[in-house]
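Heads up, there are several structures right after this.
Note that subunit A is present in both complexes that follow, paired respectively with subunit B and with subunit C.
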Partner chain A sequence: MQHTDILIIDDEIKFADMLAKRIELRGRSNAVCYDGRSALEWVKSHAHGITLILLDLRLPDLYGTEVLVGIKEINPAIPVIILTGHGTEKDRLECERLGAYRFIHKPPKIDELMSIFEQIREKSEC
Partner chain B sequence: MLKLFQDFLKSLWPEFYRHRTNVHLNSFYTFTNYRYLWFISISVLAATALAPICIATLIYYQLIETSVDSDLNHRTKQLTVVAKSAVTYFMEERLNALTFTVNENEYKQLTDNTRLAEILKNLKLGFGGVTDLSVLDADGNQVAYAGPFNLEGKNYKNQSWFEQSLKQMNYISEVFTGYRDVPHIIITVRSAKPDGSSFILRATLDTERLMQTLSSYKTGDYADIFLVNHEGTLQTPSIHYGAIFTPTNLIFSAGSDESEVIEIFLNGKSIISGHSSISRDLTSTPFTLMVLKEKAGMLKFWQDMSFKFNWIMGASVIVILIVITFASTFMVNKLYRADKAKAETMMQMEQSQQLASIGQLAAGVAHEINNPLAVINQTAGYMKDLFSFEDQARNDDEIVEYIDSILDAVDRCGTITRQLLGFVRQFDVKIKKVNLHKLISQVLSFHKKEAEYRRINVTVSIPDSFPELETDSSKFQQVLVNLINNAFQAVEEGNCLDIIAGQLSPDTVELVIHDTGCGIPEENLKKIHEPFYSTKKNGSGTGLGLSITYGLVKKLGGRISVQSTEGVGTSFTIHLPVKINEGRKA
Partner chain C sequence: MNDALNDMNAESLKFFGKVNASISHELKNILAIISETAGFLNDLTELAKQGKELKLSLLENCSNSIAEEIQRGFTTIKQMNRFSHSVDVAVMDVDLLDILDLMIGLTGFLSFAGKVRIEDKDQKFETITTCPFLLQNLLYRILCFAYECAGPEGEIRLRLSPEKDKGILLRFINSGQMPVEKFPDEKIKQTADLLGVEFKKNNSFYELNMLIPYTCDKIKDVEKNQ
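Here is the complex of A and B:
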């Protein structure tokens, strides 16, 4: 199975696509899901081939936290970064409790994301 | 002592008289006119307290006046009765003596001058007041005479008293001067000679004796006792009317035996007058006894008493008014203070409510803006990437610069939206012990160069006893940074910035950040805590600094207030709990 470096789950299609393209430009493979259910399906089918997931909290079908729980059920080892434009402190605490790796407000800085990715990759390679 | 007096005046003079209207607070006051309230309170209390006193006093005065009047009348009447009986007795005694003399002696004996002189001598010894005695026959000829005047042989036939004497058994005349030219009274007793014809024994009474008798009843300087005849002519001298024989307007119907008392006005004086005609069983006399008493003199005791009474009343009224004023001032002041506190709380509540709703709105706006911002950000980022990663445009610095400026702008927008979100967001509270001195030094260290350069005099005064605060250090730091930044922006070169801390109570501390800068105009004071309100030029401020500070201080369990005078300076006062409330940690 092909390895995917970063999975982007976000209903804001233009944002997700642009981010995907930029990640691709930086030589990292990626995939994009626009809703919660398809994302969970995708994760299920690639359970051990994902390095990092970027997850929006507001999705058209499920809550981001539900998706987070689903991912953690499939593979708790995959780091999930919550990327949101709406997150409150309460959301942040909830996400941290559910095992989110980071909580980042939109708009994210591509370099920051990439450096986090590199850290995770290095760690997993050790 | 002076201070005590000033305090006393202060407690009488209400606080709200120094009240300055504040347009922002006015709508929250329950009462608008405290002076009116105060005035009404004093008036109503004074009226309630003083009206019964005044009515009681009036009733008291009236009762006293009535009783004094009746007392005066009673006393005058008594004096009249007593004096009347004295005068009556005076007359009767002498008349009886004369009657006795006529009955005891034969006509022959009476016409004997030697015998008559002897009788006169006895009468003078026994009764006094008898000047002479004479015997007259029915034709008015004086048959015998004993006395100091040479009146022998006189004929009295045509004199009115002689006519009266013949008609009546006995007769008492008015006072008149007659032949002797001395005021006197004549008493006559008619009797019969052995041959059956009438003769008259006449005695002359000297008025001195009568006057003495009368004056012995005068009590005090204000009494006047005298006799008048039926025509109102004075029969004895009077203090009020003058010498004997002066006519007066005092005319009374003869025969009224009862003593009567009336009030008259004489020469502008109020006088109680008693009168009674002098009469006896067998014959009437022409005299009416008059007793005049000046009311003013008799009232003197009462007037002295009422003067004292008035003094006491006046003093009581003054004391009551002072107490009422004091009580009213106290109550209205209390009301005013409570109302003021209420108005201030209401204003703060309204302000915080406004802030909360504005904050919520702002958060919503921030949420909605964040997504398109993210799209712009990524798109611009992708364009930049294209130029950076693709060879053909790698060296086109100009385009990269444009894209960088788009990215910068998006970053700035992102900062604003994050700040906005921070405004309503519950931050994680990290409670730590905070040393205020250290924290302030830390914050000031950022401004050290600026202060030196602009010659701003920064003083920090924290007492040694100032406690370590148990609070959220990062929030507290942010509050200090915001306020000190603000102060630095407000001051001009050479101004002062004072940071003063103090402990208000075991649980509360106060921190005042005072600058002598430009100050805040009154119309702006209310708005400074509102988000997006900024007076900085060219949009250099976001207008969020103070509203965030306001929210932070609230989260720290404290409150912040601002006092500012335009051109003089501004003070931000923060009250904070020494230990943050457990409930606020969540």
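Here is the complex of A and C:
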């Protein structure tokens, strides 16, 4: 199965697609899911072929935290960064409790995201 | 009526806050898209500096996307302004279609909102004398209930018809089944009561009917004291 560097889960289609293009320009493969259920299906079928997931908290069908729990059930080793427009401190603590790797507010700084990705990739290769 | 309105102040403030939070979320989404698009343009510029070919179609797509998002932002700010001014006067004559249109727009910012369509939108109705803020609150809550029943792929059709000398009958026809035994909840009932809105029983799990009166005694009382 082909490896995917970064999976973006966000219902704001234009935002997700643009972020995907920028990641692609940096030579990293990616995939995009626009709702929670299809994202969980995607993760299930690529459970050991994803380096990093970027997850929005507001999705049309499921709460981002439900998706986070689902991902961790499928493969607890996949790092998940919460990428949110309006996450509160309470949300951050809850996401950390559920195993989120980082909690970042939108808009993200692409270089910061890529640097986190590289750190994760290096760790996983060790 | 005034006492009842005072009792609802906390609830109204919550509603006002909830709507404003969803508007701010929408605006932040718009800015996030513009920010990513600007970042992408910057990426393309850097690549062009390194001698890579710059595709004009990509630049055109980016400028179109920014223009669309700016337009979306203007529409959102216009809706925010209309909503904010709905508390200026307690009672006034309103066009129900206008209020429905605004509430469909504002509930559209919610992540679970589905599609809503007003049938026969070109119909003309008599204005209704009501408390616009409370009517918005009521319609917003009912739309949220309907979205939750419809699911993200569902559709809600709104049908309006005049009821002679009484008011306007508003029907919510949902593609998803609605647990009608849970409707109306206490908050919806309380708001409807203040506005003289009457829920009409029907035997369908897919339809909610309500009669919005042209005016009612409680509203007239508030209007007198205005």
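By definition in this document, the second predicted complex is superposed on the first by the 126 of 126 C-alpha atoms of A that agree within 3 Å, B and C clash if a C-alpha of one lies under 4 Å from a C-alpha of the other, contacts with A are read in each partner's own complex, and residues count from 1 in each chain.
Here is the rule we go by: contacts are C-beta pairs under 8 Å (C-beta built on N, C-alpha and C of every residue); 3 or more make two chains touch, one makes a residue touch a chain.
Worth saying up front: this structure is predicted, and the values here are computed from it rather than measured.
J.: Superpose on subunit A as described above, then tell me if subunit B and subunit C fit or clash.
T.: With subunit A as the common anchor, subunit B and subunit C collide in the superposed model.
J.: After the superposition on A, what does A:35 contact: first (subunit B), second (subunit C), both or neither?
T.: second
J.: After superposition on the shared chain, which partner residues are touched by A:125: those of subunit B (first), subunit C (second), both, or neither?
T.: Touch status of A:125: no partner.
J.: With both complexes superposed on chain A, which partner does A:59 reach: first (subunit B), second (subunit C), both or neither?
T.: It touches subunit C, and subunit B stays clear.
J.: Touch check for A:22: first (subunit B), second (subunit C), both, or neither?
T.: Both partners, subunit B and subunit C.
J.: Would you check which partner chain A:12 touches, where first means subunit B only, second means subunit C only, and both and neither mean what they say?
T.: In the superposition, A:12 touches subunit B and subunit C alike.
J.: Output check: A:89 vs subunit B and subunit C. Expected answer is one of first, second, both, neither. What do you get?
T.: first
J.: Which one of 20-28, 56-64 or 182-190 is the stretch of subunit C that crashes into subunit B?
T.: Stretch flagged for C-alpha clashes with subunit B: 20-28.
J.: What part of subunit A is shared between its subunit B contacts and its subunit C contacts?
T.: Common interface on subunit A, subunit B vs subunit C: 12, 14-15, 18-19, 21-22, 25, 85-86, 106-107, 110.
J.: Residues of subunit B touching subunit A in their complex?
T.: 367, 370-371, 373-379, 381-382, 385-386, 389, 410-411, 414, 418, 421, 425-428
J.: Please give the residue numbers of subunit A that touch subunit B in the complex, ascending.
T.: Touch residues, subunit A against subunit B: 12, 14-15, 18-19, 21-22, 25-26, 85-86, 88-90, 93, 105-108, 110.
J.: In the complex, go through subunit C and note every residue touching subunit A.
T.: 21, 24-25, 28-29, 31-33, 35-37, 39-40, 43, 47, 65, 69, 111-113, 151-152
J.: Going by the contact rule set out above, which residues of subunit A touch subunit C in the complex?
T.: 11-12, 14-15, 18-19, 21-22, 25, 35, 58-61, 85-86, 106-107, 110
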